[in-house]
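As written, the chain order gives the labels A, B, C, D, E, F, G and H, with residue 1 at the start of each chain.
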Amino acid sequence: MAPEKLLELLSELQQGKTTTEDVVARLAHLPYEDLDFAKIDHHRPLRTGMPEVIYGAGKTDAQVLEIFARMAAAGGNVLATRVSPTAAEAVRQKFPGAVHHAIARTLALRQEKREPRPGTLAILCAGTSDLPVAEEAAVTAELMGNTIARVYDVGVAGLHRLLAQREVLTQARALIVCAGMEGALPTVVAGLVRAPVIAVPTSVGYGASFGGIAALLGMLNSCAPNVAVVNIDNGFGAACFATSILAAREA
Amino acid sequence: MAPEKLLELLSELQQGKTTTEDVVARLAHLPYEDLDFAKIDHHRPLRTGMPEVIYGAGKTDAQVLEIFARMAAAGGNVLATRVSPTAAEAVRQKFPGAVHHAIARTLALRQEKREPRPGTLAILCAGTSDLPVAEEAAVTAELMGNTIARVYDVGVAGLHRLLAQREVLTQARALIVCAGMEGALPTVVAGLVRAPVIAVPTSVGYGASFGGIAALLGMLNSCAPNVAVVNIDNGFGAACFATSILAAREA
Amino acid sequence: MAPEKLLELLSELQQGKTTTEDVVARLAHLPYEDLDFAKIDHHRPLRTGMPEVIYGAGKTDAQVLEIFARMAAAGGNVLATRVSPTAAEAVRQKFPGAVHHAIARTLALRQEKREPRPGTLAILCAGTSDLPVAEEAAVTAELMGNTIARVYDVGVAGLHRLLAQREVLTQARALIVCAGMEGALPTVVAGLVRAPVIAVPTSVGYGASFGGIAALLGMLNSCAPNVAVVNIDNGFGAACFATSILAAREA
Amino acid sequence: MAPEKLLELLSELQQGKTTTEDVVARLAHLPYEDLDFAKIDHHRPLRTGMPEVIYGAGKTDAQVLEIFARMAAAGGNVLATRVSPTAAEAVRQKFPGAVHHAIARTLALRQEKREPRPGTLAILCAGTSDLPVAEEAAVTAELMGNTIARVYDVGVAGLHRLLAQREVLTQARALIVCAGMEGALPTVVAGLVRAPVIAVPTSVGYGASFGGIAALLGMLNSCAPNVAVVNIDNGFGAACFATSILAAREA
Amino acid sequence: MAPEKLLELLSELQQGKTTTEDVVARLAHLPYEDLDFAKIDHHRPLRTGMPEVIYGAGKTDAQVLEIFARMAAAGGNVLATRVSPTAAEAVRQKFPGAVHHAIARTLALRQEKREPRPGTLAILCAGTSDLPVAEEAAVTAELMGNTIARVYDVGVAGLHRLLAQREVLTQARALIVCAGMEGALPTVVAGLVRAPVIAVPTSVGYGASFGGIAALLGMLNSCAPNVAVVNIDNGFGAACFATSILAAREA
Amino acid sequence: MAPEKLLELLSELQQGKTTTEDVVARLAHLPYEDLDFAKIDHHRPLRTGMPEVIYGAGKTDAQVLEIFARMAAAGGNVLATRVSPTAAEAVRQKFPGAVHHAIARTLALRQEKREPRPGTLAILCAGTSDLPVAEEAAVTAELMGNTIARVYDVGVAGLHRLLAQREVLTQARALIVCAGMEGALPTVVAGLVRAPVIAVPTSVGYGASFGGIAALLGMLNSCAPNVAVVNIDNGFGAACFATSILAAREA
Amino acid sequence: MAPEKLLELLSELQQGKTTTEDVVARLAHLPYEDLDFAKIDHHRPLRTGMPEVIYGAGKTDAQVLEIFARMAAAGGNVLATRVSPTAAEAVRQKFPGAVHHAIARTLALRQEKREPRPGTLAILCAGTSDLPVAEEAAVTAELMGNTIARVYDVGVAGLHRLLAQREVLTQARALIVCAGMEGALPTVVAGLVRAPVIAVPTSVGYGASFGGIAALLGMLNSCAPNVAVVNIDNGFGAACFATSILAAREA
Amino acid sequence: MAPEKLLELLSELQQGKTTTEDVVARLAHLPYEDLDFAKIDHHRPLRTGMPEVIYGAGKTDAQVLEIFARMAAAGGNVLATRVSPTAAEAVRQKFPGAVHHAIARTLALRQEKREPRPGTLAILCAGTSDLPVAEEAAVTAELMGNTIARVYDVGVAGLHRLLAQREVLTQARALIVCAGMEGALPTVVAGLVRAPVIAVPTSVGYGASFGGIAALLGMLNSCAPNVAVVNIDNGFGAACFATSILAAREA
């Protein structure tokens, strides 16, 4: 609850327009909606600038649909990640405007029109197998109002493919770099640019990649200092974090 | 080497002002200085906006001193991290203006004057034992031209201490949050602000903290989406990454 | 075997009412029932105050049914956890009174009536995906005679949802707190209450959550001192442990 | 801040006895003391029933002394754990009444007199090498007002030593069981009693004990349901948790 | 090749009964049979006293059948472990005398009659879910000529069930003890007997049992000195190792 | 781009045969083909002597087919590894000349005829279950122009099978040794030969083999100094590395 | 307590020679000696055939001395392992007959004379650095009445050194094989003999040996079936286990 | 023993020039020297082309000296690695010609003169802290007759430093690449050359570098196929492996 909101509330109390009991109650009950099995935090966009998003994994199709419907009713954009094809189908029957990106495993309903904010967010990936993660990041970031430049399949064992894209990289205001296996791409990229590089380890690989641990450790130990890391396969989180950077320019 | 630089070089060639051999040589030799055991990358500040920094751990006092001297001769600010007291002493005998922060284990020589850039960078830590990491971040960030707000000893088991600082948090343009043990502080902070939160796990703890692994995993799995993570105890990297965010606002 | 039981037995021997061979035999054979592939410990309720419970995972439907039937014949409440839908169906055909909770994956037959013991046990979870674990705890604890207060979907990235339930938390005599991902909820809760907090890491998450390890480590390293931890996804164990606390008040 | 406190504060506001600005300020500033490098949470005892305790590891002697002095000035009992001999000496010069337990590595100043609460807390350990952890638990629990029964060196490879203490075990209202190596003792004990068993893995062992991991995993996987676990070597936390159980009986 | 065999061969050479080329060839070609994808070591029984055994996992049904047929043709007992039901069916169509133990996942063809060797081998398991491992050990050991005493479902949380079997335990000449979860049973058993205890961790459990790692570590760290450990779920290896102990008595 | 190529390009510029813009463009755009979801590096064979290869895992059948077709059009040999049977079928419908090795999971199209280079590459494996990895290595190495000697099923527990093949081993110019479980075979082999031994851990095993980690660690810790290691199950990489050794002899 | 002992005790009761109270007391109090910080299990030799041994690590010199003295007073052989030089010195001043083996870090007092039992126990190690572990095993086994054959520095990278000792190996009734690094020696040895092989991983190595984990995993995954494993560096345990095997032949 | 050697030996036997006993003895006793605590394998150079080398870690100064002396007496070059300064001093007093490289921690005595073999071995490292490992490789490789090109401090975050050395890299016949932290350098290098790249992870780094694990995993997962890996910090092994490659060209 914003300080000004609190001052206003207390002024009403002071002026006798409300009771102490009422203030206590309102202090405690910030706006969220209780679905019994979930509490939708409609207040979050105000507080953090990020929409609450449906994480589809581990939820039944019916749960995904119900939460999606409630959020859609609130009028903002709605995003679900890690949605199964059947859940996507179920939602799209009720919300034909919702767009399902099969590779990114996302379902997006755009209800708000806004100008994309200035500055590009470059999204890179090392190989074709990293596409689902890179696209989850791209779809999320686009819905949050960013302009995206995709630079895919530029792994470090063929440097010239990467160097050919140098101009795109140096002009980006933030970069999301997805890579599995040894996860070296974010470090090499970060050595070429001034902007912050958000590294996303992917679970691509086999054997001693250990489902993304090798890439994760590689990125955490980057010898380039303008690198920070999110969870394995967390394209969504990378997009949110990038948005928090780019949006800050607006403030 | 920036594209315009290359175009200019090639024009000279076209105009007969230089030879092909010379161009090949200059293409290959971007400016770095070879100390035999180290190659100082004087070009890095131009390329990435970050000074090259001396990582003191695993270097002899003599090596630290020699690299420090070469960098100082280049005229910019010089920073050494993880310096031992004896290395610090050795450097300060030759560079009395170098400042040694014992808790942060840093040695800083400020040779450039510049206005601090607008916007504050908040640096938080969960407990007193996290101070060396938080201070490494603070000293680094200050030398790189940022304004710092320190918020220390605000662990999540006593939420009111954190909530009392809410105004400082919400006004920061970026936040660095250091925590060991369970590493929950960045998540709780990120739920209160819109700005990006850079999480720094520290090796504070014992037993199943495994030298910071517990905190690292906690931060990577944060349920707040505006969190990214750097290596355990990497206060320096967090400061560089934060600078890459704040500096972007200037561009 | 309780000391008084032994004294009585030895008295009978002393009085010639029994033989030494018989005593040796009875000392060795405390009451359990041998099903060849399992030994049912009917004596456990007397010894530990906890019913023996059928752990359904890794047992065939026929094995579950046979053990369930033997336990039911003993007259007490019967509980099976981690039961598959087919095993549940098989049992319910023979015991229509057995209740199957699909989300909790439990099967419960209540044959004993008793007053719920005084004091509430609060059961919290961080997100919707933690429900199976929280409900396993709730079903188990209810069958063992406790009064439950459910507080679900109150993750730490939206503190106001948790703080709104503060009254419920502070009045509970013990709390079970289930969370996956970074597992920070038990620590935050424990900072708000005086009662013991039993932390249950869940396998909810992906990537560096490592099937619950991140949450487990976070809880073991809690900076709040009134927290103890059970195995990943062990809602049943948390309920038993909580019962051992609440039941102690009766003694 | 307790609800009644808030109602009272708001009443004062309603009656014009205070201003809205003042209420906002007081809402934000619950009682803690700011030492610059540490914030002492004098409010914690009220909120959680546990004294704030000085964790000595990673603090300088001077820091330990300063925090100890501030806490002592507040009039309650003061406890420091993991204190080095030199830190203990430094504090005892100023506070001769502070008791240093060398094996437990604790420093305790008793300034409050209170009746020990009824019911015993049994503290067991498997071998002689577990004594530092068991004694840290014992010293902490005694200072918090509990009556302790020590049962040491009763490892499971010599069951008769444990069974000989059966009476002590069954009469305890809670048990703390410390063990390193394979960590089997808590499970065996929990099979003999009705009360809650708090398992403390210790770092005793070598090779594949991995500094307590083997014992920790053993305890988390206990096949007895009345067992919960704290961090490796965390005798202090076990004592606090046990106190939260025993103290609940008073309420 | 035994030394006497070599001496004999060289004598033949010395006496002109053979050529140097022939000796080199025979030195190199000890008896094994080459199936292209496998080399059957018919010599192993002579060398190590153990039949070569078909490890069924990762082999096609056709491969299992072909190796089984070749071994059967050699006239000794044949054993296949970890066989799928379809592989078992395929073999049994050709070898109706082969016995398939579904729980043990073994397929055994007994072609040699021999007296069981004196002395019993006790095989224990902690719970019903450990049966496949215990039975793999039992079937293997029986085929190798041992007399087995099965003692199942005697976990340490109900000590009386184990103590009731004490006579069987103390009379065994070797013991195989299978347990998952915390894996404490071998340690407790080893404290009651003089004979060697072969501990078999099983993958029974969930969460922090990590597929048997917890049990494995517990057994490796046993505080009882007459315990040695084999791989997780390796009932077959335990039986072979036990046979190497019991057979030694015959020599 | 080779230095001579660059000199030539710059000469053309100097002579007015080209423009600076053109040179910049050509410097940046080395030959690769952009399929939107993949960038085919036709330049790699020139640069590294290795064909770019399609890693089939995680790609759709359509993606495999499209990349395969593009590569085939370039005229060289084409290799795909880890291809599913359906992807192999799809490709073979269009390229009937492509050979599918089911065990090796490879698909190879030979369009270049060349003499096999002199010297043999020995490929060994410890057991039948290691065949897929050994065959992936063999198929790859053959396509790259090497002569292979296969030595299969020669695990260290039956040394005579290995020693019988000693002549093949000592004559090889490089050796690839695949083994799962304890992974000891490369060390034993390396003690018998002068040539480099490339160790390939396989994921064969169960329990504490941890999907090949045990074998990997064993090989990394080899007490023989002429051993280097590639990733678990990476038969393809071992073949490439061996080729880089054998091809060097040609230079 | 042996069954016959119990029958006798109960007969006395039946005949009025003792009271029920006395029987209960004696049942509970099997012979151990309570030193406050340790309970010496004088009964263990009777029960398990192994002397209780002082594990010196983590005990003060004074504690080692006191326990040593108590055990010596009981008249049997006394053994302390992992003793520091100062502890050894302290004990030897009081017990000049105690022998200190510096490499094995043992202290042994032989007070019982007995014939060595028939049959040799072979103790092997792979390299010179494994000597402390091998010698701990040898000293322990000798004190327990076994005849030892030492075969040292026979690592698998030089097979001929091992094969030269083949006769010693095949004649041993049990073998202890110590190895660090890749830990392959026990497997190779087990392929040459019929007797049980007790594998002891040592912490010898660096890097990816991880303090003995690589060797431990290698041994657990041995492809030879007559191998069982004890804890890293546990020469003492290996000797006890071997004794339990060899002593069984006497029964 | 080479086959021709065996044929010759057997001919002598056939011709009556020797006895069967003698042949058996000679077959068994290949040339090694027994120092009681070590068996020096003088035969290894013949068999594997590598001198046996003294691994100094974990050996006493006296042991190092004794083995060094015996090897020197055999007349070839002698190398000791990981030698402490005191051991080096002890050896150099007796062998003044032995050269001690303090950074490489090696001690080398050159007694054989030979022409360096043709072709260079490039040795690279990413940072100054990797020097000890790179120099251990360089000293070892030089003693084994190779020509070295050192390329140090060329980490991937400053690509131009590496690219400036491209000519050296492409002309090398093999490359050893040492890197800690994220370990990306070998992959980038391997993308630029045709020759085999031997990757050496170093323990340089902190936090999530886990003593070299991050670098090790990065290298094992390299997306460049001409990379193989040795143990962490194993500069010696890398040099031996490189020698086995370069020497093969001579055969």
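Basically, a contact is a pair of C-beta atoms (placed from the backbone, for glycine too) under 8 Å apart; a residue touches a chain by one contact, two chains touch by 3 or more.
It should be emphasised that the depicted structure is a prediction, and the values quoted were computed from it without experimental measurement.
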item: Farthest chain relative to chain C (centres taken as mean CA coordinates); value: H
item: Contact-pair overlap exceeding half with F-H, pair selected from A-B, B-C or A-F; value: A-B
item: Rotation angle (°) superposing Cα atoms of chain D on chain F, nearest 5; value: 180
item: Homomeric contact chain A-chain F: same or different residue positions, threshold half; value: different
item: For chain C paired with chain F, centre-to-centre distance based on mean C-alpha positions, whole Å; value: 54
item: Chain C and chain H: spacing of chain centres that average the CA atoms, whole Å; value: 58
item: Centre-to-centre distance between chain G and chain D (centres being mean Cα positions), rounded to whole Å; value: 38
item: Residues of chain A touching at least two other chains; value: 3, 158, 166, 190-192, 207-209, 213, 216, 220-222, 224, 231-232
item: For the chain A and chain F complex, residues of the former touching the latter; value: 128-129, 131, 152-154, 158, 160-161, 163-164, 166, 204, 206-209
item: Residue numbers on chain B that touch chain H, as the complex places them; value: 1, 28-30, 32, 36-39, 41, 43-44, 55, 57-59, 63, 201, 203, 211-213, 216, 231-234
item: Of all residues in chain H, those that touch chain F in their complex; value: 2-3, 47-50, 53, 167, 173-174, 190-196, 198, 216, 220-221, 224-232, 236-238, 240-241, 244-245, 247-249, 251
item: Residue numbers on chain H that touch chain A, as the complex places them; value: 126-127, 155-159, 181-184, 187-188, 190-192, 205, 207-210, 213-215, 217-224
